[in-house]
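Down below is the structure, laid out as structure tokens.
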Amino acid sequence: MGYTFDFGAVFDRAPELFWGSLGTLGLAFAGMLLALVIGILGVAVRTSKIAWVRAPVIAFVEVVRNTPFLVQIFFIYFALPLMGIRLNPTTTAVIALGINGGAYAIEIIRGGVESISKGQIEAGFALGLHKADVFRLIVLKPSLRAIYPSLTSQFVMLTLTTSVCTSIAAYELTSAAQRIESDTFRSFEVYFTVTAIYLVISSLMMGIFALISRSYFNYPTR
Amino acid sequence: MGPIGENELFFLLQGLKWTVLLAIIGFIGGGVFGILIALVRTSKHQFARLASSGYIALFQGTPLLMQLFVVYYGVALLGIDVNAWVAVAIAFTLHASAFLGEIWRGSIEAVPKGQTEAANALGLHYVSRMRDVVLPQALKISMPATIGFLVQLIKGTSLAAIVGFIELTRAGQIISNQTYRPLLVFGIVGIIYFMICWPLSHVGSGLEKRMAKAAR
Amino acid sequence: MEGAVLNSPNDHSTLISLDKVEKWYGSFHALKNINLSVRKGEKIVLCGPSGSGKSTLIRCINALELIQDGNIVVEGQLLDGTTKAVDAIRREVGMVFQNFNLFPHMTVLQNCALAPMRVRGASRADAEKLARKYLDRVRILDQAEKYPAQLSGGQQQRVAIARALCMEPKAMLFDEPTSALDPEMVKEVLDTMIGLARDGMTMICVTHEMGFARQVADRVIFMASGEIVEEAEPEIFFKNPKHDRTKAFLGDILAHH
Amino acid sequence: MEGAVLNSPNDHSTLISLDKVEKWYGSFHALKNINLSVRKGEKIVLCGPSGSGKSTLIRCINALELIQDGNIVVEGQLLDGTTKAVDAIRREVGMVFQNFNLFPHMTVLQNCALAPMRVRGASRADAEKLARKYLDRVRILDQAEKYPAQLSGGQQQRVAIARALCMEPKAMLFDEPTSALDPEMVKEVLDTMIGLARDGMTMICVTHEMGFARQVADRVIFMASGEIVEEAEPEIFFKNPKHDRTKAFLGDILAHH
Amino acid sequence: ASVEEIKSKGTLVVGIQGDNAPWGFVNSSGKQDGFDADVATLFAKELGVKVRFQPLAVANRIPALTTGKVDILFATMAMTEERAKSIQYSKPYAANTISLYAAKADAVKSTADVAGWEIGVPKSSSQDKAVTDAVGSTATIRRFDDDAATIQALISGQAKAVGGNQFYGQRLDAASAGTYERKIDFLTTYNGVGTRLGEKDWNETVNAFLDKIKGNGELAAITKKWMAIDLPTFPESIPNIPFTVK
């Protein structure tokens, strides 16, 4: 085929790609943190024995998991202002990413919590620990360990999902790429470059996740 | 500004048809290869483990959109004409198998070692050890994560628009641009997604309950 | 639960009392009309064939299992399922599980220091000092930094005992605390328990170590098929068992040793 | 592994032989220069204090632990870490774990029928028949449809024994097979094992049931701190132990019973 | 193919946009529709032939014409000097005015008044370019995926103004009557029909057709139907963009 690659035009815009990448990293990081908090708190409530305590969390999970992220971010960005809550694109993006990731995290972590043997929880109670302590000190860590790869996969996915935030004009890698593409018409070069950058970012994340797991889950198992 | 009438709804439903078909392709391709990836990733062979973790890093780490783009247009650059269905099947399989592979690897590793040891001591060979002992227990741990991913895959099929499928989201976009009612249109699209994803969550929790019967 | 009015004599020296307790697992009747009252400082040995409900009984006392009928009162607290009652009881009653249930993500020392810190509000230093004291008492202080997965079965069992002792509870429930131990260790653990008994600890102990029963127990209770079949002082229990079921059981024990 | 040439007498009646076996857990030396040879049909009792390496030793024979030096040969097969050697050995050697390791997602019957079906290629009907036979032998056939989580500790242990027997192996490794049992049940299980012994089954059994040792064992092996300290026929072992360590250990046993 | 050949063949293949409402788009019943479609249909009627629409993407409009895949372009082609080198434009038949829209309540006299505002535009559109050129250095430009999202941004208050084209006024009115107005016009571009360079017969036929429908009110009617505006006045000439074959 006659297509000749020319990355020059793309590399000329390296600073934009750099700032875009930082934007993506920032959104991903903040979104992940929020998602983790929502996930852990949510699962604590989700595994309650009392049905009406569980119910709102279940509803939250079902609604968020089963609707597209785009719809959620549109809702927060465009519909909330009609009710008087106006958030800027970056805040919107972080909240949307956190809520979305959090809903998945709740379910993933629940899988881990339910893999903990009843005996562990009973032992905690028998020692006189309160429910919250049993969850925090006894259940949480082994649960997270059991589903760690699923959870980190979800976080990698969340990192890639930041690209959707371009649709509410948040500044991140994909929106930078789209501008460069529309200015240079070098679609292939732009896509390949951006793909490579995403790969670097997510590999970095996976590396960090692996380090965390090595130091946090360093206990042997039988 | 146009109203949203029967025509528009019908158009969305036609998009839904593609969404469902694409999701089925992803489920099957991702499920079959995902199991393989998970098994290779937990095998004893250093090289196989390394290769599969590279595979996971590559296909988890790049956006599905880019994978579709590369498979469809990139390969076309090399002079090979790729049918859109083939492109979608390949890209979704790569993407889904990387994620499901990683999810299932984790749950395989979460099954207590004593279980594998007991299976070993009974002389069970690899296939039986996995199929009869490890995977059923792993599946239980991974159920919520698996269902979560499959639901995301259904929604991820919207990216197939880039190779020309007018699936649900794309159909919604087209209608939104005709009617200038993005909130309403995407609200409807959201509800339709909900209606196809929710049964899946339901099936998931049903399966979980069945497996919980044999709980500890 | 009906019948919240207490029928049992609730005199102030009674620490634990069970009154007409009934427990079902689905359609399986695990405990049948259990009446039992344990005074402060009393040592009770619970024995009986496998599956007779011994574990179930002590799990009920600690509110790990819900009962379907009857009352359980511990230190004047009616176990009525409210969080407060349950918490209060669990703080005062220690338990050693049949299968240990050590926390895999904590070292031996952390396993033992956890409850003193979180329940009694001790400082880390104090909690660890306490933990070391009891780990030493069960001869396992040298393993303090290991994780449970790195211990042999008997070592795990001793950690479980030390962990329960670290709460310094008023009463202890032991579920076969010497099953995984070799005879040397059995002796040491039993000696530890005898020491506790001398210090006035109330104990209910599921065990088939008849030596221990003879030496320490105030009463031996024999269960079969979810019922208390016989209940007597050790002397009487071993020499003159009343029921045939007990006789058969004791026959086995004596034949076998 | 170095030194693949076998030094031990490999006469055809030797079923299991260990030669200069060394095992480390990280920096912890768990097995030290273990030499042991077990003839076909021989019954060996392994005893020793908690943490002395008994479980580790039998886990090595079944290739569940890798050894760092020395050789293990089972039925003429050198355990060299290849899948083939390992599979062949495991098919012929049954094992009962100290902590049972039942499969929680299968009923008792399924637990027992699995290996016959998958390893010996038996039909489901035949496998279940076999399973029922051995479940009956350990007196637990009535629990066949329950899941492990619904069983008491002793019931679980008996299922674990039945499961291993269902493979009809040439040799059995028992890791404290009676620890969770009440005396009645201990007697029944030991009777089962005595029956197996009479049928010519080769056995290595970690146990502190000295009655069993006296009655059944051809040899008693005493371990301490990862070493074989003493090895003798039961008569000699119990009457005239050579080593001080053994004497101390036996002293405890006798004092305690 | 010449005009005569097409007349004898009986079918005119028209290159048109497939997803740019209201100019040219495939409607929800799968049929080609829009302003361009109406004008092209009228043109085919003039020639006495049937019309077949070939929906094209922005980037492949010119290649499709030059390689003969289509006979003529009614494809929302803004007339630029650059493009006039590759294709022959007709006289203009539509205008596209890019303006700033904002709430009536906000006073805007000149571009200086919007300094510091958040201004929405559809990503990579001509509005994007025009607004960025004019106020990109003083205001914050928020780039949305499409017109629908841009308009929603103004309505939701996420943007204080938007860069829009002539349709925006009507749509903003439909959403909230009387709230918004056109503030500043940045520029007007004109669309022409595209034919191959040097094909005099096509150029003359199209120009004659356009003169006719401008004269008899048919173009005005189509403009009213799709844009809800009156027929704009068209320039007689644009520098460096010839309307006729020399």
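A, B, C, D and E label the chains in the order they appear, each numbered from 1.
Please note the rule applied: a contact is a pair of C-beta atoms (placed from the backbone, for glycine too) under 8 Å apart; a residue touches a chain by one contact, two chains touch by 3 or more.
The chain lineup, named per UniProt: A, B = Polar amino acid transport system permease protein; C, D = Polar amino acid transport system ATP-binding protein.
This one's a predicted model, so the numbers in the text were calculated from it and none came from an experiment.
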Both-way neighbours, i.e. chains that touch subunit E and touch subunit D: B
Steps needed, at minimum, to go from subunit B to subunit C via contacts: 2
Leader among chain pairs (count of C-beta contacts): A-B
Farthest chain relative to subunit C (centres taken as mean CA coordinates): E
Euclidean distance of C-alpha centroids - subunit A vs subunit E, Å: 41
CA centroid of subunit A to CA centroid of subunit C, Å: 46
Distance from subunit B to subunit A - Cα centre to Cα centre, in angstrom: 17
Multi-partner residues of subunit D (each touching 2 or more other chains): 99, 149
Junction residues of subunit A, two or more chains touched: 74, 78-79, 117-119, 145, 221-222
Two or more partner chains touched - positions in subunit E: 149, 152
Every chain pair in contact, whichever chains are involved: A-B, A-C, A-E, B-D, B-E, C-D
In the complex, subunit E residues that touch subunit A: 59, 120, 123-124, 142-145, 149, 152-153, 155-158
Of subunit E, residues touching subunit B in the complex: 19, 21, 25-30, 146-149, 151-152, 170-171, 174-175
In the complex with subunit A, residue positions of subunit B that touch it: 57-58, 60-66, 69-70, 73-74, 76-79, 99, 102-103, 105-107, 109-110, 112-114, 140-145, 147-149, 151-152, 155, 158, 169, 182-183, 186-187, 189-191, 193-194, 197-198, 201, 208, 212, 215-216
Subunit E-touching residues of subunit B, taken from the complex the two chains share: 1, 7-8, 10-11, 173-178, 180-183
Subunit C-touching residues of subunit D, taken from the complex the two chains share: 25, 47-51, 54-55, 98-99, 150-155, 158, 175-176, 179-187, 190, 208, 211, 248-249, 252-253, 255-257
